[in-house]
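In the part that follows, the structures are each spelled out as structure tokens.
You will see chain A twice below: alongside chain B first, and alongside chain C after that.
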Partner chain A sequence: MRTEAETRAVLRDWVLKKASGLDPEQLADSTALFEQRYLRSVHLPELLLLLERLRGAPIEVEHLNLDNFGSLDAMVRFVCVPESAP
Partner chain B sequence: MSTAETRTDGVTTDDTSAEGPGVPCRLAQIGLRWHATHGQASLFGPLWKLAEECDQAFRRLADVWHAEDESHPAFLSAECIARLDYLRSFPHQATFPVTLDSSEANVEDFLNGPVVDDAGHVAPTRLAPISAVLTPAACYHLYQHHEGERLTRPRYLTTRNTCFRHEESYRPLRRQWSFTMREVVCIGTRAEVGEFLDRARWVVNRFTRLVDLPIAWQQATDPFFQPMRNPKYLMQLVQPVKHEATYGAGLAIASVNLHHDHFGERFDLSRDGKPAYSGCLAFGLERWLFAITDQHGSDPADWPDLVAASRTVVAEASVVRPTVAASGAGRSE
Partner chain C sequence: MTKAAAGSALSTALASIDDTVARLSHLSRRSYQNPYTALSEWPETVRPDEEWFSSPEYVSLYGTRMWDELDEPARRRLAFQEAANFYSLNIHGEKSLMRGLAARLYRPDLLGVADYLHHFLDEENKHSIYFGQFCRKYARIYRSRQIAGTETRPQHVEDLLFFAKTLIFEEIVDYYNRVQARDGRLHPVARFINHNHHYEEARHLVFGRRLLAVLWEVCTAELTAEQVDDVRDYLSQFFVMTWREFYNPDVYAEVNLPEPWELAETAWTTPYQRDLRRRVSAGCVKFLISTGILSEEPHDAY
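And then the complex of A and B:
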């Protein structure tokens, strides 16, 4: 089981690999990744697989929202505290 | 309010007319002929007049943005539709114009056959290659028409077209294979499109209130084929881009849609050097006919003055700032 810091680091590395034009200094934990168009639909299938792996549980349709996916903070919260997922 | 009770999806229980199952008597009596096999409607008399008034009102609402008028044909080229990725997202809804291969021998073979068989199906001989799709959404033509433009200010456009979407089943005025769509489109920066969509929601709210048509806004997604396998559908869940103004139990009569820079990128449309954002306000005209006659009844004397209401909205819009947040709202990712 990864710690929250380790989960955040894995997600941060993945986002920086995928997001075009996003410098590491620009990427804050609260950066709106989809709204700012750093991440797009093409990235979603891989992101879903990654989050399922980190979470150790399948992701349901009702989990797909900005509250769980919108930023690094949101994704870390979703992975580490799955029972609180909206 | 119509007198017959027990609504389900806005359909009253006085529901069957000589026009066949699913055609409310009240509609048949005021100018609807339903072509059930192909999910299409003929309008005449009061209902035809109401349809004309609806579009006049929607067109007037576009004056809120001083939108420029355009009209476009029924076909979209296969090349254009491929750039939109429409056929990969909505193949089940596409309708294609087809012709016989034009060689004389092939056309003669067609004439020597039954032409139309006993089942009522055309009996074609060899067909020519399919190079177009019948318009599925009025606004698609606009992005193609303005391809390559370098905008230095937002551009507002409006257009109306007959749209074609093949469905599993059809219902008069509510779900048709061909229907009429009026759209108002903004092409600009992200902020300009956001402001346009906010104002569009305010316009719909104000207009429906003036004509006494109760609506509720609902987050929606586009009808993708095998949606769970389509990243664009998943994206619409993660980041909603479509909000519908619904009448009754979910009949969408208008929608506001955020396309992000989907069309800007595909059609090389730029605003201040960056791919342009776009968004649209869409009205499904036949659904308005259903909603108005359901709410106000079949007597034209009881129908609201739609054009006067639209004038009021345009006048108010010049002095009112929208307060509704359209947090995104299209077909695209």
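And then the complex of A and C:
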């Protein structure tokens, strides 16, 4: 089981690999990744697989919206606080 | 350029593929199918432990240590569930495709291809009947992890991305279809589904390549360098998205393999699988680079 800090680090690495034009210094925990178009819908299936892997449990896609993982903070909450997930 | 002018440019450019569209429409009419005739001949039950439903070398765990550790019945059970996953991917892909085709049917600037869009829609619907019947009768329909986006783009860019995504998905799937249609180890129903899909998709691929070249030609006159980069980034990630769904933890869980998400990640990075994805994608990537739609291989997909 990863700690919250380890989970955040894995997600941060993934976002930086995927988000074109985003410098590490620009990426804050609250950066609105989809709103600012660093990530797009085409990234979602891969992101969902990563979130499921970090949680160790499936995520029901039908009840999701972008707010559930719109920033690093939201993603970490999603993984580490099970009741926050649909 | 205004939307009307762009539409006019597209109508004019489409005239260059009139002959292809007429020939493909003729072929579609000649091989018009009733899927329910074939379905009535399918067996009531199948034996996933004893028969192959996917070519083993194309199963997502082939080349991993886990594959080496599985006994023969377990490999066949996995190959059976991977067939259901492959058919499920097709069902989800074809749902999006049918929505996109229906939205473009009889659009004034696409009138030149309207007759063929009818065939395209009809044939995709029939493919989904086969895939859906297999999954419901013998296995299950696996879920998709795709979520509809909220991004908006100019219409000509949306058209380009829609038909480019369609082509990428269909070319990858068609490679599997061609291999598995010829594989004498596979159950006759699996060979039939793969053969039939390939037989019909061959026309869609010809149409897709011709249309995409026209759309790109129309688009490049309009796009800034930044927009071109955006299209290329998007399509490269689409390769990743498409391939990732072949490594489905839900399938591994279904056949009781431990730590299904870790297993998916291990399989994704296994050299044999990376090489397989590159090999299967090669024809499509070569076409996209030759037209200028991509400037390089989608490295993250391998």
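Definition applied: the second predicted complex is superposed on the first by the 83 of 86 C-alpha atoms of A that agree within 3 Å, B and C clash if a C-alpha of one lies under 4 Å from a C-alpha of the other, contacts with A are read in each partner's own complex, and residues count from 1 in each chain.
Definition applied: a residue touches a chain if its C-beta (ideal position, glycine included) is under 8 Å from a C-beta of that chain, and two chains touch if they have at least 3 such contacts.
What you see is a predicted model, and the numbers here were worked out from it, not measured in a lab.
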Partner chain in contact with A:66 - chain B first, chain C second, else both or neither: both
Chain A: partner with more touched residues, chain B or chain C: C
Contacts of A:41 with chain B and chain C, given as first, second, both or neither: both
Partner chain(s) touched by A:81 [first = chain B, second = chain C, both, neither]: neither
Which of chain B and chain C A:53 touches, first, second, both or neither: second
Touched partner set for A:20, first chain B, second chain C, both or neither: second
Touched partner set for A:28, first chain B, second chain C, both or neither: neither
Residues on chain A lying within both footprints (that of chain B and that of chain C): 34, 37, 40-45, 48, 61, 64, 66
Chain C partner contacts - residues on chain A that touch it in the complex: 17-18, 20, 34, 37, 40-46, 48-49, 52-53, 56, 58, 61, 64, 66
Chain C residues touching chain A - in the complex, by the definition given at the top: 143-151, 229, 233-234, 237-238, 240-241, 244-245, 249-250, 261-262, 264-265, 300
Chain A - residues contacting chain B, complex: 34-35, 37, 40-45, 48, 61, 64-66, 69-70
For the chain B and chain A complex, residues of the former touching the latter: 228, 231-232, 234-235, 237-239, 260-261, 328, 333
